[in-house]
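Naming follows writing order (A, B, C, D, E and F), and every chain is counted from residue 1.
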Amino acid sequence: MTLNRDARIGRSALLLLLSEEKEYQEDLISNTNWSFCEGKVGSMEAQKVVAAIETAAKNNHIIDKDLYREGHALYHAIIEALHGVTRGEVQLGSVLRTVGLTFAVLRGSPYENKAEGEWIAVALYGTIGAPVKGAEHETIGLGINHI
Amino acid sequence: MTLNRDARIGRSALLLLLSEEKEYQEDLISNTNWSFCEGKVGSMEAQKVVAAIETAAKNNHIIDKDLYREGHALYHAIIEALHGVTRGEVQLGSVLRTVGLTFAVLRGSPYENKAEGEWIAVALYGTIGAPVKGAEHETIGLGINHI
Amino acid sequence: MTLNRDARIGRSALLLLLSEEKEYQEDLISNTNWSFCEGKVGSMEAQKVVAAIETAAKNNHIIDKDLYREGHALYHAIIEALHGVTRGEVQLGSVLRTVGLTFAVLRGSPYENKAEGEWIAVALYGTIGAPVKGAEHETIGLGINHI
Amino acid sequence: MTLNRDARIGRSALLLLLSEEKEYQEDLISNTNWSFCEGKVGSMEAQKVVAAIETAAKNNHIIDKDLYREGHALYHAIIEALHGVTRGEVQLGSVLRTVGLTFAVLRGSPYENKAEGEWIAVALYGTIGAPVKGAEHETIGLGINHI
Amino acid sequence: MTLNRDARIGRSALLLLLSEEKEYQEDLISNTNWSFCEGKVGSMEAQKVVAAIETAAKNNHIIDKDLYREGHALYHAIIEALHGVTRGEVQLGSVLRTVGLTFAVLRGSPYENKAEGEWIAVALYGTIGAPVKGAEHETIGLGINHI
Amino acid sequence: MTLNRDARIGRSALLLLLSEEKEYQEDLISNTNWSFCEGKVGSMEAQKVVAAIETAAKNNHIIDKDLYREGHALYHAIIEALHGVTRGEVQLGSVLRTVGLTFAVLRGSPYENKAEGEWIAVALYGTIGAPVKGAEHETIGLGINHI
């Protein structure tokens, strides 16, 4: 059940956000059988971040919107990614801070053993800080779950 | 006090870990006035992860080992990065899991306004899982602090 | 100060919620000198769950509404029970999830030594999930405090 | 994707632990196509609780011990159940407390829509308290995950 | 049930630790019907801090060592105070930090209404930091519970 | 890098709030080269507590409102202090509780080695409880950061 070095979905999801050569990254991923989507969200409300990612993943058919099973897998991956972004409390406006994030959701098979099936990675990258222009620093998060 | 797009220390620290073209990355960073170090640590004990990063940062003169002020800034950046890695409790062996991580510590000036001074980024990338070969998935963390 | 096996207030509070033979359960409890109440609450706001339980406990005279001491004991039992329901952050709508819960509050003397006095148990059982019909799974929580 | 009232795996896992008419409960479950196991663990170390449940679930073939996917699903269900038990920090001996728990792991299909597939429930019931005989009260936890 | 301004047990417990005119403080408290004790503990293990405070409170008869009810009230007050000291995770050595603390445990009646009965305050004051002489800053915590 | 016993900024910030001889305290501090401010805030919303302290610190020139670096140092000190106040979740109204706090922000040099530079202390003291007059007990918090 070794993690396939050429199929690291977390690394790929992050490089989608961090790389400036987007075509290269998207090529890389399209050469696998993975599906993915990207988007942006800025908010002081954590639930809007969750909703934006869920909506993008459903609209782009990364998950089946009619299966709770898949929504459940995605939800926990999002919340895990938010732990990396918030580093303590999964709270934004209620502790007077805001985020501006890009996100990538990637679904693929990271393990050599095919029986390990599909997994989902949610990567977040952007800024977190006070609701004042420029009073912010970078932040990142990654959540991974079986689907 | 805008974040300088060409000086995003968090993104650079992460690309150091994720990129396979290390020379490119190290070039990029050496063209700035930043200092950085990299390393690896695998453990079931969170304190060993903290110690490995602190030791590397001191030995490579990223921080001044005789100034508590700098150790304090680094410590909080490490703990924030560990939140992204652990996503809930900053615990490893005590909840029966282990990590294998690469880390980068990068010190630089990410803001256009010189008065914003130096900041430190701690990036972590690797795997987390059961203490059984292969029973693991990717994980990432980033902590940023003023120094 | 041994816990009396016939007087386990947490188990009884949970069985009140889980059992389908309510009369049996209520009999069981009425044969002790315990007092209890039951209710339902569905909300995306954790404070409404707290308020519903506090109101029911006061209106049914499980606690004395004029004694802060008793309100304090109940409040901490409720928050502890919510930890079991939320498993991480005591947050609902702010992380885009909702609950539909039944609750039981039970006050009694679970210890053989009479000097141990009265304790309060708050049990919660129901579902947690996305604010979409059916996108939910079961959840449970129990908080116990001296009163 | 409605939760089937006759197939509530969380409620069943808890009743396995709370009921005194074990045969009835085991009958109930054997009439479904669910698999389950039960056990006991007492420890001041949370990792021993995790290990005891994982070992029982593997030895009783509730999960496939060679699939990380299934181990991952179980692990998160265990940690979620421990949140209910510990109500705050998933820590035992490190905050000077100990647990004596019974546990049930149950795998089944709680949703009417067959496409929702199998889910796993981990239920915990017992006592938590100081490492002194009798200085303890009841505690409970439930974790549910798709598998 | 108003808090009596002359009977603020939390403030008094803290002043016991912070004041340099100990006699004055102890006088103040001995003029009430409160009982209290003080002590010191330095450790990288949170459980040793808990144990030191529990032992002092029992040996000085602040709580009745034979009543779990009182031990339970004290335990939660200690853990709450440790939240103030640790500010995030109630962990010391496992995240490579240590504390040197003075503590005060005070039992009294802070409310005008006599029916509110006795409450317990646990105050902590000292330093927290790396296990290196001088690499530390001040820290404080206060926990209050009904008893 | 020893902490100077005569320059304990955390202790001084707390004594500013707890002492009834304000002049004495303010004298003590004005004899150092420290700057400080005090204020009050009561709210069910944690963000209002954060905002009140930030505004006071900026208006009283404790921090430079145009430097994110200083706002970042202050923000983390405030959140750390709120951990002491809330003891678990940094949440107020969302778990149906409210605070009435006095606060002090103090900036000074607590270490003998001048190279350790300036640090900031945020002290909070007041009451926390239900949104009902008198249903509250004392609470305290302290956050310290390098600036």
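Heads up, the rule we're going with is that a contact is a pair of C-beta atoms (placed from the backbone, for glycine too) under 8 Å apart; a residue touches a chain by one contact, two chains touch by 3 or more.
Quick caveat, the model's predicted, so the values are computed rather than measured.
Engineer: Starting from the defined contact criterion, work out which chains touch subunit C and subunit F both, please.
Structural biologist: Both-contact set = A, E.
Engineer: When every step has to jump to a touching chain, what is the lowest number of steps that links subunit C to subunit E?
Structural biologist: The distance in steps between these two chains is 1.
Engineer: Interface check for copies subunit D and subunit E. Shared numbers divided by all numbers used: above half gives same, below half gives different; which is it?
Structural biologist: Both copies touch with mostly different residues.
Engineer: If you line up contacts by residue number, which pair in C-E, A-F or A-B shares over half of them with C-F? Let me know.
Structural biologist: When the contact pairs of C-F are compared with those in C-E, A-F or A-B, A-F matches.
Engineer: Which of the two pairs, A-D or C-D, is linked by more C-beta contacts?
Structural biologist: Pair with the higher count of C-beta contacts: C-D.
Engineer: Which one of the chains is farthest from subunit B, going by Cα centres?
Structural biologist: C
Engineer: Can you tell me which chain lies farthest from subunit A, using the average of the Cα atoms as each chain's centre?
Structural biologist: Result for max centroid distance from subunit A is chain E.
Engineer: CA centre of subunit E versus CA centre of subunit F: separation in Å?
Structural biologist: 20
Engineer: Can you work out the whole-Å distance between the CA centroids of subunit A and subunit C?
Structural biologist: Distance between chain centres, rounded to whole Å: 36 Å.
Engineer: Could you put a whole-Å number on the gap between the CA centroids of subunit A and subunit E?
Structural biologist: A distance of 43 Å separates the two centres.
Engineer: Can you list every residue of subunit D that touches 2 or more other chains, as numbers and ranges?
Structural biologist: Within subunit D, residues 1, 68, 72, 88-89, 91, 94, 111, 134-137 contact more than one other chain.
Engineer: Specify the contact topology among the chains shown, as one of line, ring, star, complete or other.
Structural biologist: It is other, because the touches fit no line, ring, star or complete pattern.
Engineer: Under the stated touch criterion, can you name all the chain pairs that qualify?
Structural biologist: A-B, A-C, A-D, A-F, B-D, B-E, B-F, C-D, C-E, C-F, D-E, E-F
Engineer: Touching residues of subunit E toward subunit F in the complex: what are they?
Structural biologist: Checking each residue of subunit E against subunit F gives 1-3, 8-11, 14-15, 18, 80, 83-88, 110-111, 119, 121, 125, 127, 133-144.
Engineer: Can you check the complex and tell me which residues of subunit F touch subunit B?
Structural biologist: Listed in rising order, the residues are 1, 66-69, 72-73, 76, 111, 113, 115-117, 119, 145-146.
Engineer: Taking the touch rule as given, give the residues of subunit E at its contact with subunit B in the complex, in rising order.
Structural biologist: That would be residues 88-89, 91, 93-97, 129-130, 132, 134-137 of subunit E.
Engineer: Across the complex, what residues on subunit D touch subunit B?
Structural biologist: 45-47, 50-51, 54, 68, 71-72, 75, 79, 82, 89-91, 94
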